[in-house]
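Remarks on the structure that follows.
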Amino acid sequence: MANSRYEYVKGFELDDRILPNIWVVVRIDGKGFHKFAKAHDFEKPNDVNALNLMNHAAVTVMEEFRDIVLSYGQSDEYSFIFRREADVYKRRAAKILSYVTSLFTSSYVYNWNVWFPNKKLEYAPSFDGRIVLYPTDQNLRDYLSWRQADVHINNLYNTVFWNLVLKGGMTNQQAENELRGTFSADKNEILFSKFGINYNTIDPMFRKGTILLRKRTQIPNLPNVKRQLIIPLYEDMIRDKFWKEHAEILGKYL
Amino acid sequence: MANSRYEYVKGFELDDRILPNIWVVVRIDGKGFHKFAKAHDFEKPNDVNALNLMNHAAVTVMEEFRDIVLSYGQSDEYSFIFRREADVYKRRAAKILSYVTSLFTSSYVYNWNVWFPNKKLEYAPSFDGRIVLYPTDQNLRDYLSWRQADVHINNLYNTVFWNLVLKGGMTNQQAENELRGTFSADKNEILFSKFGINYNTIDPMFRKGTILLRKRTQIPNLPNVKRQLIIPLYEDMIRDKFWKEHAEILGKYL
Amino acid sequence: MANSRYEYVKGFELDDRILPNIWVVVRIDGKGFHKFAKAHDFEKPNDVNALNLMNHAAVTVMEEFRDIVLSYGQSDEYSFIFRREADVYKRRAAKILSYVTSLFTSSYVYNWNVWFPNKKLEYAPSFDGRIVLYPTDQNLRDYLSWRQADVHINNLYNTVFWNLVLKGGMTNQQAENELRGTFSADKNEILFSKFGINYNTIDPMFRKGTILLRKRTQIPNLPNVKRQLIIPLYEDMIRDKFWKEHAEILGKYL
Amino acid sequence: MANSRYEYVKGFELDDRILPNIWVVVRIDGKGFHKFAKAHDFEKPNDVNALNLMNHAAVTVMEEFRDIVLSYGQSDEYSFIFRREADVYKRRAAKILSYVTSLFTSSYVYNWNVWFPNKKLEYAPSFDGRIVLYPTDQNLRDYLSWRQADVHINNLYNTVFWNLVLKGGMTNQQAENELRGTFSADKNEILFSKFGINYNTIDPMFRKGTILLRKRTQIPNLPNVKRQLIIPLYEDMIRDKFWKEHAEILGKYL
């Protein structure tokens, strides 16, 4: 049986190479994670183990793709920033997108028990992904600022909301009414006056999201041994300070 | 902190809608499954549990995407055929591709223990995917014929090869030399004369791959109850017979 | 001076090959032809010379692109249908689109004097173009039906409108009011009762648009000499009759 | 006759919007201009009228597209640089590409007689075009350097070649042999020693190509009246000097 007669169908696969010299962002999002969080009793407003599991999966992706210079995660989403010159899989868009999404998903399911040793994974969770291209460094920074501002807005809201519900005894509807039309300052005030919480002292992972960078790091207990490791940071990416301290991100070489 | 200042970056997400009225094939492939098979001692030439796990994951995908009319799997690859009119996620290519790949991966890892209850999953496996469009029914049939002819060629070769090695006591190199330049008839003859194996009686899942179709099926032990179920078939898709018997695949409505 | 240092910029040219085995339609439209028609005193509602000039330019395009099996023009637009298997310029979309549009434009300007020997071309007219792909023969027929139904609707309206204005002495506004809410039958009736015009006897080029086909044709005055010529037809493409009489269009070979 | 039944075919027109904030280069090339030049007896190695006609057509394009900040022409090609923020036709690629190519072609044919008042245009010439995107200013500069280095290489060769043929009495083949393996310095030497020509004194339009920029310019004979005009320059774009003197090109605002 000759296969050659049908091989012409390979010709329908079109080239989807990404433009050279441009920031490539792969962002993945949990599918139906509102329901997934409920089914697995995630803590409100933030479940530290669920976030650590996201970070764990993101590290798996970064270990595989050396061209990722920064990853940024919050809630059920993660963004992977490939350096401009990345040549992995000849920059084929579908290949990169599908592989990143698959590897992230696989690591998330595989490592569930590491972070939830006493909780059964009820069903197979999934993520979707997209590729977005940013021509300039400023565009890239604005993208990351957009995602980080999003964390701030959502997390402040959720923190107050769940304190009103869980500690304040309000129904969801009552808490929603209470918060309608409030500004950041109002929400900070509610948190402090009603619950004695200073928002700025909350776990920075909740407030800032998680930034993963590659850094030459001293190996503990091994004097003089340094390795390039992927480390988590919970810093402000909106201001210039971050970009000065980690100048290698926008630099041409790591 | 206003988010609006950065929201312009959303404008960099471009429309990737798939052309209407065309067969959409999503094919996923295992990444490094040669190594993965070795690490998990998959049986040679075919590991029935590994194939069933692939089929299990494919069923998960079909249950989610009602627009998939046929799936076809072999070895570490699976093709999902979306009907021409599919409007899922407004036909956005990246969304469909990433979600299918993610869901398949997730189900594969999640259900590992179902098929390998006594074997530890050593690391997180992954898949990549691609989308290919076929304008005509004939193109689609030729695509599936291409994949199925591929199964035949590979499986016949592998069956003889591993019999020569595992039962015939040859080294891999000796088996390779023995098979160089042989035709199908020669391979069938070796199988029969040396090992008493009639190739055509081998498990059809190995010889034909697995076709998944939706069929109204009588529910066992429930007289008069029929449901649309996803069922596996191991038939020849190259000849017309299959397409006549399952005319709903190319028909406009299931 | 070495050029090689800059040649990397060629790598930014991406592949834009069109999917195989699909109908490729290039449609071009006049830019600002309302103003252009006015500036050149085109006759209302139809200027036969202006239409012939469009047809002339379309023939130039068809002579260059042997893969065009049918062209269809009306008003200031023209559609060129490339056969499914066309391999011209390796199906590169930008190449095909820009060359067709350029050649049409060039021929339009070049041949202006053929059709308007006593009228100066006041300025350089231009066209824009687009490529649209149609997977099935039915889609292609529906595309052409769409364009031809458009001719009918517009031409019937324009014919009555300009008769009301030019012969009936109405202002544009009065004619517009007269026609508001009328159906085809009403318009036919106005034409007949007020101006003695039977719409169906009007020049079919105005009513049906112009179809250009390649046909083996007897050369006048040369008995027994037949050549493949590009000939104009003014037939109904909506009904089946046309497609039966010109079965070669949808056939694989001309 | 309802048109609505067929209107679904509009849904096959896909979005082809260009990524925001990126340099958009439209480059057009003459189709078969070797033959065209021969058919119209263009002077060798450069025909000043033919180049002026190209420039004339390019000015027509720039007058229409205010977003073009620089155009660069040589031989039978022209590049149009749209500023990063250009929003013309909502950045639809096919629209921009086809319209630029059409307008250039139209102006070329329309103005033929301005530059060749005594020469009949023998047939309708045409151009094809492409769009290339460049993410950074450096990429754009390298693109223009690439084209300008190309002019230098070709023009120096052609200048020597045609002097050897036209003044030196060589056949084309002899001139080709004479030049094989020579470097720039050799070619300059041949020009000077054999024909008394100092290459650097040749018309800069031939040596550098034509750059078109928009400049506020004093209107002749109208003291104190300045207008933004499109003016031709024949400068070196490879060195920094040009970009410093015309800083508005890479600046955000004109």
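Just so it is clear, A, B, C and D label the chains in written order, and each chain counts residues from 1 on its own.
Rule of thumb we're sticking to: a contact is a pair of C-beta atoms (placed from the backbone, for glycine too) under 8 Å apart; a residue touches a chain by one contact, two chains touch by 3 or more.
For clarity, every value in this text was computed on a predicted model and none was experimentally measured.
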- Item | Where chain A and chain B overlap in contact partners, by chain label | C, D
- Query: Measuring centre to centre with C-alpha atoms, which chain is farthest from chain A?
  - Reply: C
- Message: Nearest whole angstrom, what separates the Cα centre of chain C from the Cα centre of chain D?
- Response: 31
- Using the average of all C-alpha atoms in each chain as its centre, how far is it in Å between chain B and chain D? 52
- Message: Centroid from C-alpha atoms only, then distance chain B to chain C, rounded to Å. What do you get?
- Response: 47
- Contacts with 2+ other chains: residues of chain C: 12, 19, 21, 133, 139
- Considering only which chains touch which, how would you classify the arrangement: line, ring, star, complete or other? complete
- Message: Which residues of chain C touch chain A once you look at their complex with the stated criterion?
- Response: 11-12, 14-15, 17, 19-21
- Along chain D, where are the residues that touch chain C in the complex? 1-3, 5-10, 12-13, 28, 31, 60, 94-95, 97-99, 101-111, 121, 123-134, 139, 142-143, 145-146, 149-150, 152-153, 184, 238
- Message: Can you tell me which positions in chain A touch chain D when the two form their complex?
- Response: 19, 21-22, 84, 133, 135-136, 139
